[in-house]
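Down below are the structures I want you to see.
Next, two complexes with subunit A in common: one pairs it with subunit B, the other with subunit C.
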Partner chain A sequence: MRFLKNEKVLNVFLYLFLGIILAMPVLLIVGLLFKSESVLHANSLSDLLFSTEWKPFQGKFGFYSYIYSSVLVTMLALLISVPICLFAAIYLTQYAKSVYLKVIQPVIDILAGIPSIIFGVWGILVIVPLISHYVAPFFGIETAGYSILAGAVVLSVMIIPFILNILLEIFKSISKELPQASIALGATKWQTIKYVILRKAFPGIVSSVVFGMSRAFGETIAVLMVVGNVAQIPKSIFEPGYPLPALIANNYGEMLSIPNYDSALMFASLILLVIVLLFNLAARMLISRYETKI
Partner chain B sequence: MKSKISIQNLNLSIGKNQILKNINLDIPENQVTIILGPSGCGKTTLLKCLNRLIDLEENVTITGSIFLDNEDILHTKSDLPGIRKKMGLLSQRPYPLPMNIYDNIAYGLRINGIHNKHIIRESVEHNLKQVNLWDEVQHRLKEPASRLSIGQQQRLCLARGLAVKPEIILADEPTSALDPLSSTAIEKKFVELKEEYTLVMVTHILRQARRIADYVVFMYLGEIVEHGTADEFFNHPKQEKTKAYLEGIFN
Partner chain C sequence: MQISIALIVLVLSLIVFSIFYRGLPSLTWEMVSQTPKGGYYFGKEGGVLNAIIGSLYLAFGATILALVMGLPVAMLMNIHLRKFKKLVNGVRFLLDLLWGVPSIVYGAFGFSVMIFFGVKTSLLAGIITVSLFILPIMIRAIDEVVRNVPVGLLEASMSLGSNKSQTAFMVYVRQCSSAIVTAIMISFGRAIGDAASVLFTTGYTDSIPTSVMQPSATLPLSIFFQLSSPIQEVQNRAYASAAILTIIILIISVLSRVISNKYNKNKIS
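Up next is the complex of A and B:
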C-alpha cells in the first residue's frame, strides 16, 4: 500500500469510491428506465399511472390500483406505528428511569433482526383471523381477514423497531439543559416536551417517519402473505389490495411469455423507487425550510 | 440584613455519594451572593436544590429544609412550576429555546397563561432593553435565536428569565463560555439587578467574585467552609482553608 502514501493517488482512490456510491442510485434508475422503455412506448404515461385497466394479454397495463394499494397500506402502517413510537420514545427518554431504556434497547434490536417471512406467518396465524373473527364483525363487516388492514398491521410491527430506534437516538441527543431551561421558567414537563423537545426534534422525527415509510413501501413478502392480492381499489381497509412489491414478486419469472410483461414489472419497480425518492426529497425540503425557523 | 432564602440542615446524596453535607445558610435579599469553590464541591447541586431542578435527577435522597419567604420549598405542597417561576436560571452555556428571538422571551409569559399580544410585545422590548440587547436585535426578532452569538444568547437567556418576573436569579458560572466583553456586560447587569432581585451566582473565578460579591459562600467537598460578607471573607478570612484558597495555594 506504499503508493497510497502519495496524496494524489490517495485522492483519486477516495473520489473513485465516493463515485461508486453516488453512481449506484443513478445506475439503478437508468437501468430500470431502460428496461421499462417498451411498456412506456406501448402505453401513455398517464394510462400507466392512473388507469385501473390491467389486461396484460391486450397489452394494457394500468398500475393505479397497485399504486393505490401500496400507498394505502403504507400510510395506514405509519398511522399505526408513528404515534406508538413517538409516545414510547418520549416516555423512555423523558419519564422512565434510565434502566428501562437499557432493557428495551436489545428488545428493539431483536425485533429489527427478525426475518420478514416470520412476520408474514405471524400475520396469517394471528392478525388475519383476528380481523376476520373480531375486528371486522365489530364494524358489521364480513371479510376473510386478508386485507389492507392486515398488511398494515404486520407492516407497522415490522417498522416500529426502526422508527423507534431513530427517535430514541434523536431524543437522547437533545442536551438535558435545554428542557431544564424551559422547566426553570415555570413550564410543566408536558409543556416542555410539547413546545421545546418536540420542536427541537422535529427534523429528526420527519426523517424517522420517511425512513419507516421507505421500508414499509418496499416491504414485500410479509405484506404479500396477508394482504389478499386482489387488484382493485379497496373500498375499505377490510378489503384486500395488491401492493406493487407483491405484484412484482408474484409475477416475475411466471408470466414473462406475455409481451411487455417484464417491461411492465420493471416499470412497477421504477414507480416504487421514484415514489420513495420523492418522499425523501419532500422530507429534505420540509426539514431545511424548518431549520431556517428555529 | 433580611434573608430571602434560608437553608437548614440540607443533606443530599446521589446513590451512595453524599454530595451536600449539612448545609446551613441564609441568603440575603437584594444582594449578590457568590458561591465559590473548586470543581465538584457541590456548588451546582446546591443551586439546583433551590429551584428544585434536582428533582429531574435519578436516585437523589435529600433531607433538610429550604425556606423561601418562610415557605419550605423542599416539602411544599404548592406547585413546582410556581416555585421555579420565582427563580430565573442562567446556566453555564446559553440554551436558547428552539424558536425565534421574540418567542424565546414570549415563551415564559405564554406558558404562564399570558396571551395578550400587547403585553407580550411590551415585555419582549422591555426585557431585551434590560439586558442591552434590544438595539442589536430589534430588526431581527423573527430570526432563530440560535443565530445570535454566544454572548448575545446568554443575554437573551437572562432576558427570558427576567420576563417571568422572578424574585431571585440563580446563575451557574454564567460567564464561563463568554468573551471578556460579554462577561463584563453580564457582571455589570448583575450589580444593577440587585436593586430588584436577589442574586445567587456560582463561580470559580476569584476575581469575578471580588468584583461583584456582597456576600460570599465558600464550599469544599460538599461542605460550607466559611461564609460572610465580601469584606469579611476577602479581607479577614477565618478558616485556614479559605486563606489558602484566596492565596491560590489550595489543592
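Up next is the complex of A and C:
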C-alpha cells in the first residue's frame, strides 16, 4: 500500500469523488430541466399540471390524471401500512420480550431487500385474483382486479419495512425515565403509551410516514404491473389508474418518434424528483429538530 | 398488536411461498443453463441464462464502481473532514435526500445523458446509472459505522506516524470490515433487483454480452417481458425466473448475515 504515502495525489481523488456526489442532485435537476424545456415552452405549466388532456400527437400533455392516480395509490398504501407499522412498533418496543425483536429484525430486513419486480409478480399471483374474485364481489362490483386498490396493497407491503425500521429507531430512542415517571404517577400502561410515548414520538412518526410516502410515490415496476394502466380519473379504488412512474416506464421506447414526447416524459421525471425531494426535505427537517430536542 | 406482527411475518412467507409454489415446477436445468433459442417467447426451447449473467455482470460492475467511489468518500467524511462537522452533516443530509430519489428518475436522467452524447443502450451505461443509484446507500451504510469508531484508534494510528489516508485505508477499513461487507451486500441486492433504472439504459438482448458496450438482458426485465406474454408456457417461465431472482436475493441476505458475524470477531470496541 505504498501509494497511500503520497497523500497529495490521493486527496485529489478523494475530493473529486466527494465533488461528484455533491453535484449529483444539482445535475439531476438541471439535466431534467434542460430536457423538459421544450415542452415547458410549448405548454403552460398550469396546463401541464392540471389538464387531463393527453394527446401526444397534438402536442397536448396534461399530467393531471397521472398525478391524481399517483397520489391516490400512495395515500391508500399509507392508509393500509401506517397503522400496521405503528402497532407493530409499539408492540415490539413496549410489550414484547427482546427476543421477538431479534426474530422480527431479519424478517424486516429480508422484506426490505426483496426487489420490486418480485412484489409485482406476487401482486399478480395473489392480490389481483383476490380482489377480482373475493373483495370486489363482496362490494357488488365487477373488476379484473388490476386496480388502484391492487397497486396500493402491493405498495403498502413494500413500504412497511422502511416505515417500521424508522419507527423502531424512534421508539427505542425515547428515554426510559419518561414512561417510568408516568407509571409512577399512576397511569396505566396503555395511558402511558397513548399520552407520553406517542406524544413524544409524534414528529418522528410524521417523518416516518413522509419517508414512506416518498418511497411509495416513486415506486415503478411493482405498481405498473398491477395497477391496470388506464389514463383516467378513477372514480373508485376498484378502477384502474395510471401513476406517473408507470407512464415514464411504459413509454420509453416510443418517445423518440413523437415531437416533444421525450421532453414531456422528462418533465414527468422532474415532477417526480421535485416532489420526492420536497417530501424528504420536510421529513429530514422534522427528524433533525426532534433529535436536537432529546 | 400481535396481529400486526403476525401479518408482517405472514406476508413475507406468503410472498416467498407463492413465488416458489408457481415458479419451482417450471424451474428446470434448461432454464438456468441456456440462452433463449428462436421462438423462445412463443413457448419454444431455451432459458434465461442471458438475463442471469447480464444481471450478475451489471450488479458486480455497479457494486465495484460504487465501492471504489463510496468507500473513500465515507472515510474522507469521518477522518479528513473530521473537524468540519457542519459540512459533513450537510453531506449526510444530501446523501439521505439522494437515497430517496426513485430509481426511475436515475433511469430517465441516464437516458437523457446517453442521448446527449449519442451513446446507445449498453452494459456500461447501465452499470454507471445503477452505481449512481446505489452510491448513497453504500456511503451511508459505511458512514454510519465509521462515525462510531472510537477516536482513540485514529489518535493511536496517527501517533505511530501514519498519515490520514493510511489510517483510513489500512486501519479503519479493517476495523469496519463487517459493515463494509454488509454495505456491499445491500448495494448488490439493490443493483440486481432494480428494474426501473436499467429499463432505459441497459436495453435487452437474447445473447450474453461479450463487451461492456453491448446491451444486456437483466433478470427483472426478463421477468417483466415474459410475464406480459399471453402464452401460459412463457408466463410459467416468468414465475420460474422470479423464483431464481428470489433465491439469489435470499442467498445474499443469508450470506451478509454470516459474513458480518464472522468479521465482527476481530474488532475492538
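Heads up, the rule we're going with is that the second predicted complex is superposed on the first by the 257 of 294 C-alpha atoms of A that agree within 3 Å, B and C clash if a C-alpha of one lies under 4 Å from a C-alpha of the other, contacts with A are read in each partner's own complex, and residues count from 1 in each chain.
Following the convention adopted for this analysis, a contact is a pair of C-beta atoms (placed from the backbone, for glycine too) under 8 Å apart; a residue touches a chain by one contact, two chains touch by 3 or more.
Predicted model only: the values in this text are computed from it and were never measured.
**Q** Taking the superposition as given, does A:98 touch the first partner, subunit B, the second, subunit C, both, or neither?
**A** First partner only.
**Q** After the superposition on A, what does A:25 contact: first (subunit B), second (subunit C), both or neither?
**A** Second partner only, subunit C.
**Q** Quick one: classify A:277 as touching subunit B (first), subunit C (second), both or neither.
**A** A:277 sits against subunit C, while subunit B stays out of touch.
**Q** Let me test your reading of the model: by the given contact rule, A:200 touches which partner, first (subunit B), second (subunit C), both or neither?
**A** first
**Q** Considering only touches as defined above, state whether A:159 meets subunit B (first), subunit C (second), both or neither.
**A** Neither partner.
**Q** State whether subunit B or subunit C is in contact with more residues of subunit A in the superposed arrangement.
**A** Result: the larger residue contact count on subunit A belongs to C.
**Q** Scan A:131 for contacts with subunit B and subunit C and give back first, second, both or neither.
**A** neither
**Q** After lining up the shared chain so the two structures overlap, which partner does A:182 touch, if you call subunit B first and subunit C second: first, second, both or neither?
**A** It touches subunit B, and subunit C stays clear.
**Q** If you lay the two complexes on top of each other, which residues of subunit A touch subunit B in one and subunit C in the other?
**A** none
**Q** Where on subunit A does subunit C make contact in their complex?
**A** Checking each residue of subunit A against subunit C gives 1, 4-5, 7, 10-11, 13-15, 17-18, 20-22, 24-25, 27-28, 31-32, 35, 83-85, 87-88, 90-92, 95-96, 100, 104, 106-111, 113-122, 124-126, 157, 160, 164, 211, 214-215, 217-221, 225, 245, 248-249, 252, 262, 265-266, 269, 272-273, 276-277, 279-281, 284.
**Q** For the complex, which residues does subunit C have touching subunit A?
**A** 1-5, 7-9, 11-12, 14-15, 18-19, 22, 69, 72-73, 75-77, 80, 91, 93-98, 100-106, 108-109, 111-113, 115, 132, 135-136, 139, 163-166, 169-170, 186, 189, 192-196, 199-200, 220, 223-224, 227, 238-239, 242, 245-246, 249-250, 252-253, 257
**Q** Given the complex with subunit B, which residues does subunit A contribute to the contact?
**A** 97-98, 175-178, 180-188, 191, 195-196, 199-200, 292-294
**Q** Per the contact definition, I'd like the list of subunit B residues that touch subunit A in the complex.
**A** Subunit B reaches subunit A through residues 51, 53, 56, 58, 81-82, 84-85, 87-89, 91, 93, 95, 97-100, 107-108, 111-112, 144, 146, 157, 160-161, 164.
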